[in-house]
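We call the chains A, B, C, D, E and F, going by the order they appear; numbering starts again at 1 in every chain.
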């Protein structure tokens, strides 16, 4: 099948207009007329993943994160972005990105994370203005209320393992049932989480100041929402298998999932609980 | 001693003009004519720390982080900032902040962190334009080269413990000798670290994308710099004891250090090495 | 009654969404859980008014002007804003502001001024986009046409006296019947006044250039609108009594009006007519 | 003499580079090759003043305020600016403006006002960055200290009379000796006045909020600076006579002063002291 | 007839609200009460054209281009804009501009160009948002397809001659039938031309980079659209005759067309085809 | 020789810091470790030129214009920029740009144009702030004064021929001796040309409004500067031969010049002088 036909299938599945304004999705490397028989799905289009795609015989890499989110004026091979561009073009491998649009759709990244942590009856955390059944993040209910510590341990067991593990903030005995999830960096969405009246917010890449401010606000009230912070990679990696299966069902291609853990951290040391 | 005199002493020790443009340092709550006999030092001016100051009998809280970094139009007591303002004014406790200016000075936050990780002969990572012996962060040498894993374990042992512990990125056997340290959020300073030709960068609050991009660039070369990521609180908390001692030596006041760990995280679960 | 309940009553009477975008209204100092039995109404929340509130036994000061219109990063007691914050919090007095929203409502500041100058059948000078029966300023008719000089003398008699008095621009024999009023600074609203085809514009705080330009435009035509310029304080102070009565009718509190004239001017000397 | 030669003389006397960035000074109407024998000096280039210039036989009008401070896209004769342009061009009268540059020079507007209120040994309130003996406003000493009330009465007697007269804020018995003067709108210069440690600030066009805030700051201290507020026209009109004499001494032209009071106010009514 | 009546007629024919936001149309010089019996139409209101208007006895000049597109702070007679203002006012000649609004209307500039190049059944290239039958540029069909070279020669024959002639880009044998025309600078409208699926784009003032980029895009496809680039003057001058006739039919005035070619170029030398 | 060494040689010859802020110069495609034996010089890095480089056996294309002046988020092969990137990377050809920095240096683009039109003793038209002997454009003298028509004919004969030829504005008998030249788009530099007191300005890509305004200003004076407008391509193409020779002298590579005329225009028709 020609790459342009695969792109049409992917664009229907992950409509580009659902992406955030700042996002850059869709095809960014490759010749639309090239033939595609094998596709690799990964979170980050880093050099090791490009090499994995080439080694696997894929002609298309589908990533969650854009390669060229910031516009580039050079693709020279001794820059990180340029190295990937040279490697992919030299080997005839294309790159397609589905990011915030893949989060928004039914059966996308946000719902994959919601399913992984055990939610039912989910609705978007931030509904898309024109298509309110779609949107960023999800809010849903656990089948029954659990202590925060048990819930967080379940999350840690359900998502891809990384060196940093899962961080929890809040009283570990707090009973949680209503859960907000947001794959990727969650710093900017606390207002929506509070408005959703969630008991706990599962997200990634939280920084000190937003997390501390959120805890301060929670402690002025009843202590909710508690926080569960994953590695950014893990929060989005939960989606790759179903995304690959979706494509394989819709097009005559083989669809595989990257074996590379693109979380940057090698190890974790110290810590109160170590 | 009157608060205004303490403020003068602190302003000489941590000159406000050394602070970054976006920062907000100096006295932000209190009556300059009030008497001060006891001072509490802390990283974050949160409500629990305000209560600790009041309970301790201090009339002045010195914090690393500003309370009102973003301008406020209200200090109502059911907001996090307003609650602290009401609590402090109601109890007659003042608030003074030394932040990026405390990082810049000799014997300040950056040097406290450099000393904690074992550096000698330090110079600023980003020299102040007009006073180049001062500045943000520090670069220095370990007495002898160490494997990255051993170095990181030493850092984890030297800084205040937190639930999240210390994250390491890089080959754990890489020999490191030249070290860049930057207390607080380190995302924006990778260019300076590379220019300093550091073997390893010790900082805090690194996020997925900057850390991964930094590792990609390192891997296009010889793998350096490796990364050691602390909790934001720990990276700055190392300074509190010496800051309190400095003030007690300069003014007739008792200077104590907060016993509250203001890192927001309660626990950490899962992880490859758990 | 708890402060939070009084705030709810005031927010219903002066809906915050009617305020201009740049304005800062609502509660800005105080603990919503505190009890309130007495309320002082004033134009400007200056230190003398804060002291008056404290001395009167009020637990709430309601002002026309915001205390913290520009965001603050410090409330230190040797600044004007910080002194008021310290004084109020120290004495347990809250501060609530109703400003451009109090102008917009039926029976608010603009209508109090319109009534004071003798208007009937008033409509908003600048209707609120979504609620056009509300809005900034008012336009209405005098019961019968008057010479400008007589009308202006009547205005001077009707509003709170100040050192600066009332300024008039235009032919004192001009017959006026249609009147536009706008409490507070009127410089920016001449287009609306002309569009309303008013014979005279009663407002405050007009400056040389806008007033002269408006007179030039009038003189290219038939000399209308004439101008009547009050002190800013007087133009808004006409509202305080009815505002206090409104609250006393709606809540079990005593509501009093400040006795302090907050116009900054002590005296006025010279002048052609002195 | 040709207009271009008069312009050269005026440009030397009032160097355009001394004007503020936002200001628009110099020749704005007229043909540089026209002959000039008579010149009219005025504060505001309004239509009545243009007619006065024509009637007087002048070929040049010199004004303090620019006609086209905001750029125009049309000079149609039914607009205020266009009417003046048509009237002047039709009658062969040129327009030259010396505004903030006329304030800055030795013997300019600021010094004329300083002299009128009785100051000696004046220096600029806001020195010009590159020529610090010149600049905006002046600070100087009275020959001896006076009660504020007496000083203000003297100012009212010394400047051109207008309907609005002179407003005073402060304790009328306060002894004043050091005086800051600034002709035109004085709202933005309170910091400089305080830095100059002036006892009283004589300026024009002060509005409620800046004046009240300045009084609040004064009352947190020793009550200084007091304020004396003139009409904008009067604060600059004091300069016209000496400016006309200067030109007549430098060029073979007759130089006269406008008889029109361009303050917009016709009358003043009410007031505590009336 | 009074000028104000002529302006009303012209404003109805070329409604100002159809002009682009950045444009400045309508009356810009003149007294609305003046009498008008003769009108000169021209593309550019330059000094030679102003003199032509005066010499012809016209009291009104109607131009395509605004005189004061950028706001002016001076109309001194030794500047290009000021010289025209002085010349026109001195001779009692008004200036009215119909520019992008004259392009938008039925029978306006765009349609005059479309008619000149032989189009039928035209629709706007960029429809006006609220009145989609009007708008900038036109798209239409030739009666039958022509080789590009023949079409371009016909265009060159149909528009006013200038030194620079007509430039063509594309295969001269390409058959063209669907044509987009846009009078004036056409650099910014290539997207609309491609969306309209035009075979050739007739416009003016194209620069190297936009033209080369447009050709590159065309060559990635089937070579369309070809480009035909006129002088800016010629592209708008085709309208003058019909505009003058329109006014003469609607008002009791004589309407004539300028005989001055306002293209700035005197000659053209060299060139491959010379 | 490795590409990185060629880049070092070119960067010394055309220092990147001499480029304008908005410009994007240096290596933008290629692997710095690749070997280079042959280099093609061209004005525009369009697809036909990329193909010419590949066909010629060159491993490096040096262009005047940047390929990615505006940052790109995609290099897909069906876009004009992406097609060139794919073509070059696929064939192992690098791209290096020397643009405004090549204009600034001694012996660069501006001097090549100055030499071509016969100038001696040239100095920069707009000197570089820190290196005033370098800079954009050049001003110089002809050996003796010539009529404008003769001079322009000489220019037309000296630069690469294009369909559009050379346009001239001004009296063809005007004697010209002092000449300003600026390769590329010259619209923004008229102030510098007038300040240099040049008799004629030789540049490219002039548009109607700037050229007409410049002529109006000239005609208010003595008619100077006249204008000579080249095709953008021709104004920069004069440099290619010497640039290639420079590199061949400095590095062990073959350096050739593109045979493709990248001016977008195919033909020119009509015109007064045709």
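Rule of thumb we're sticking to: contacts are C-beta pairs under 8 Å (C-beta built on N, C-alpha and C of every residue); 3 or more make two chains touch, one makes a residue touch a chain.
Everything quoted here is computed from the prediction, not taken from an experiment.
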Quick one: how many steps at least from chain C to chain F, stepping chain to touching chain? 3
Tell me the angle, as a multiple of 5 degrees, of the rotation that maps chain A onto chain D over the C-alpha atoms. 180
The chain whose C-alpha centroid lies farthest from that of chain E is chain B
For the homomeric pair chain A and chain B, should the interface be classed as same or different, according to whether the shared residue numbers exceed half of all numbers used? same
Using CA atom averages as chain centres, what separation in Å is found between chain B and chain D? 53
Between chain B and chain C, tell me the centre distance in angstrom, where each centre is the average of that chain's C-alpha atoms. 47
Cα centroid separation between chain C and chain D, in whole Å? 31
Which parts of chain E, given as residue numbers and ranges, touch two or more other chains? 78
Can the chain contact pattern be summarised as a line, a ring, a star, a complete graph, or none of these (other)? ring
Output the ring sequence of chains, start chain B, direction chain C. B, C, D, E, F, A
The chain D residues in contact with chain E across the complex are 24, 26-33, 66, 68-78, 85-86, 89-90
Enumerate the contact residues on chain D facing chain C in the complex. 44, 46-47, 65, 78-80, 83, 149, 152-153, 156-157, 161-172, 185, 204-205, 207-209, 211-217, 219-220, 227, 229, 231-233, 262-274
